[in-house]
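What follows is a short report on a single structure.
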């Protein structure tokens, strides 16, 4: 009677697609540029996989081939995370109301 | 490393709340009455539980106490399902464009 | 049927329910949406049969009960007049609530059937979920019954209040939680029954202090409750369709109450803690009757509108009471034949239920593209010759724009006073639901047509 | 950290990402939204550290790489001029794509680290997920690089087309699928590398035929791809945060491309199959130069606007090119001092990126409540004295309303021609992005101000 976790993940995936669909329609057009930069930043959560790839293995052999790919991925994702969130913040800071 | 299915269900629950939130905001105000009747109809999917309650048990003892509650729940939910969907359909049928 | 396969089908039926609600974003897609909903329900039911796999005599009885329930439901659905929608929805909610209670009871009595452990040692999580489901279900049931009785007029709509009411509710609410706590410890049958009983009582107590006219907000709130109850049971039964649907219905109901409260510019707590509409009503309706009003008859109205180039119709609760929608449509047809441009302006809380006016107009075959929301049409009053206000009152009251002391201050209203002349069809000068006087009645460009909305409209049709 | 606990935290970080996007529904909530996003990211990273639990020398290196990457990212974020946002986003996408490829490679090389089986017998589902993730990631990477080069002007923006292009793409696409199929059978390293390489090639081939000006739609589409790649990897790693985020980003990017295409009234396929803007450009820009236009200078413009009671500013791509936003703000300030009512009208596809104009105006300290969307302000042109069109062209072209043959027919446009007089600031009579002539230039109430947008605006400020 156990349900395969894949099915749960599929449910989560599909529901998230719905959420994404609606969330984006509710974004005001004047913030579409920040939307693009912030989605870019959050899609870098792939760093989670990069960290696992970099760290797993024996403690002394840090730079095995598969780990190296992990480290490179961390580097790339980190550029995105910091760059994406900061540039978004910079943009959003500029949107001001009339004083 | 196995994740408790409850956590998946919790994720599904929370994401569905988001979907519900957005879906309803996107409903046009002129259809708010059908919205109320159709949500009523779909919440009768509780009949799933009622059917299980009614059917499980030994084949000959159909009317044990727990089964009876199941049968009653089926009756109530069925009123709602047919009533809810049909009355919604009746209402929606009335919304017409200018010919 | 394997657990995986049925889980996938339950997911599909959950998604179909989402699409059903999504369809309501426009009238064109709404009918298809309803079919999605029906398909989702059929899938859920069939999958349940297949995964239980018990096609003995019990299955036969299940079909019978389904059929009986279905016939009753269909009968009601075809017979109910559109004006009775508010109480119908309330009545249906009560059934969902009770069904949730019954399922929870049956799970409690026979946990092994649902894989929740055996009697006396039910899994802790399941026990909490099912008792919460049962409690919320019971509150939904008895609360909806009271709402139904008030809306149907069987019970008086006036709020029933007594001293210490809120304390009593609080006390009972807390005691339910304490009882659930003890139930988890000793799994006693009596405790479970007590929880259900107290919850029934709470449902009644929660709703009686709320005025009849506030019932729509309450219905929507109960709708939300029924969703949470279903979700609770869904966790117990580990059923994705129930969890998705429960969350959907739960959040949608809550948002609908919120939208309504916003439309009335009142806080949700203000509504729930009750008793507001009725008390004010008597005080403010007396002192202004002396002011002069212009009194008209059907011929005056017909003359004004025939010679207008554009007319906007503003329907309100009175149109529903008088069932004047068909007569109204005839009047509009006659006007259109005379070359008058006619449109309808619907305020978000006109009537007694969200979308109330739209359904009634749709029933009278008014095409929905002649019917406009407040924001769409409010600027057009300035260029319109006649505003025909039929049974509406509060939703036109300019005091909402001018007087910060007024209970409806801040509520968006239809700017009927900007049109060249305003016709008010109502039976007297008495106020509407909010119990406050409407300054428009005494204005120079207003003509009052004192009569039942239906009769007056029919007379106008004759004069046209 | 137990698997359950980390699953809950990943769920929380997924929800925080949803809230981050939700915040963008208004400028007030957007900053808080961004903090939610940052929090979600921190949670995801910390939880991953804790659940891997390896704090040896490797952890130290991870921190170093994080820091290096972070510094580079921060440096870019602070230095980049706002006008370069389109290429920045493209560049960033390429990084996400490549990161996804690297993670997939590493999972393929060391499946045991991710609980996916051992080398040579990776679980089937995981293999499919990771190779799809790698392929989509690779396409995202190389496609984004091309987009970046085109936008940055390093590569020519003109479409590169050759015969049989679409067939080649189709063939390569199919071969990826076939190779994945064989990969599942024999799990050969070479096959995996081949898939990655072909995908890189497909990315390049997909983007080169698309004209430079269509890049924004492409960027958004690649954004969507990067989301699907992340979701694919999320399934492999059984990570909820990645799945939720991937689906969010995937669907949001797709919808954004759709919104853009709708704003231009073109089909998505029309954009993707490429090459449209550039070819028309040359043909239509020559034949109408003879028609007389009214030619003005800064003094004329200053005089007209000083004496107006209301002015609407319509910025377009040319304002971005000329970096004229600051000068524009000064001009508006000067006008406001003279008691002129000024507002800004933004067309949904003005500029070269959705929201492009809004960001630039915000950069120049224009309060966002003076900036209006097309639907909000389009009726106001009729009551306005001067429309100051600065570097915009297509978005004002009335041919979209009148000529069904025109490529932009059906695109909603700003009705600038309804205002008493129209000022056009641009350098010549040459057409805009869509390559079609603008009839407005030759109208009686139009004054052309031929100059760079920034210079002209600065001169006007001086004359005011």
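All chains are identified by letter, namely A, B, C and D, in their written order; residue positions are counted from 1 within each chain.
Everything below uses one rule, namely that a residue touches a chain if its C-beta (ideal position, glycine included) is under 8 Å from a C-beta of that chain, and two chains touch if they have at least 3 such contacts.
As the structure is a computational prediction, the values presented were derived from the model and not from experiment.
Enquirer: Which other chains touch chain B while also touching chain C?
Expert: A
Enquirer: Weigh B-D against A-D on C-beta contact pairs and write down the one with more.
Expert: If we tally the contacting C-beta pairs, A-D comes out ahead.
Enquirer: Nearest whole angstrom, what separates the Cα centre of chain A from the Cα centre of chain C?
Expert: Measuring from centre to centre gives 41 Å for this pair.
Enquirer: Using Cα averages as centroids, what's the distance between chain A and chain D in whole Å?
Expert: 17
Enquirer: Just the number, please: Cα centre separation of chain C and chain D in whole Å.
Expert: 43
Enquirer: Hunt down the residues of chain A that sit against at least two other chains at once, touch-wise.
Expert: If we look for residues of chain A contacting two or more partner chains, we find 2-3, 5, 9, 11-12, 14-16, 18-19, 23, 25-26.
Enquirer: Which chain D residues sit where two or more other chains touch them?
Expert: If we look for residues of chain D contacting two or more partner chains, we find 14, 18, 238, 240, 244.
Enquirer: Show me, using the given definition of touch, all chain pairs that touch one another.
Expert: A-B, A-C, A-D, B-C, B-D
Enquirer: Residues of chain C touching chain A in their complex?
Expert: For this pair, the touching residues of chain C are 3-4, 7-8, 11, 14-15, 18, 115, 238, 240, 244.
Enquirer: Can you list the chain A residues touching chain C in their complex?
Expert: Those residues of chain A that touch chain C are 1-4, 7, 10-11, 14-15, 18.
Enquirer: Tell me, which parts of chain C touch chain B in their complex?
Expert: On the chain C side, the touching residues are 10, 13-14, 17-18, 20-22, 24-28, 30-31, 33-34, 37-38, 40-41, 44-45, 48-49, 52, 54, 56-59, 61-62, 65-74, 76-78, 80, 82, 85, 88-89, 92-93, 95-96, 98-100, 102-103, 105-107, 109-110, 113-114, 125, 219-220, 223, 226-227, 229-231, 233-253, 255-256, 259, 346, 348, 353-356, 358-359, 362-363, 365, 367-371, 373.
Enquirer: Any idea which chain B residues touch chain A in the complex?
Expert: Contacts found on chain B: 2-3, 5, 8-9, 11-12, 15-16, 18-19, 22-23, 25-26.
Enquirer: Touching residues of chain B toward chain C in the complex: what are they?
Expert: Touch residues, chain B against chain C: 5-6, 9, 12-14, 16-21, 23-57, 59-60, 62, 64-67, 69-99.
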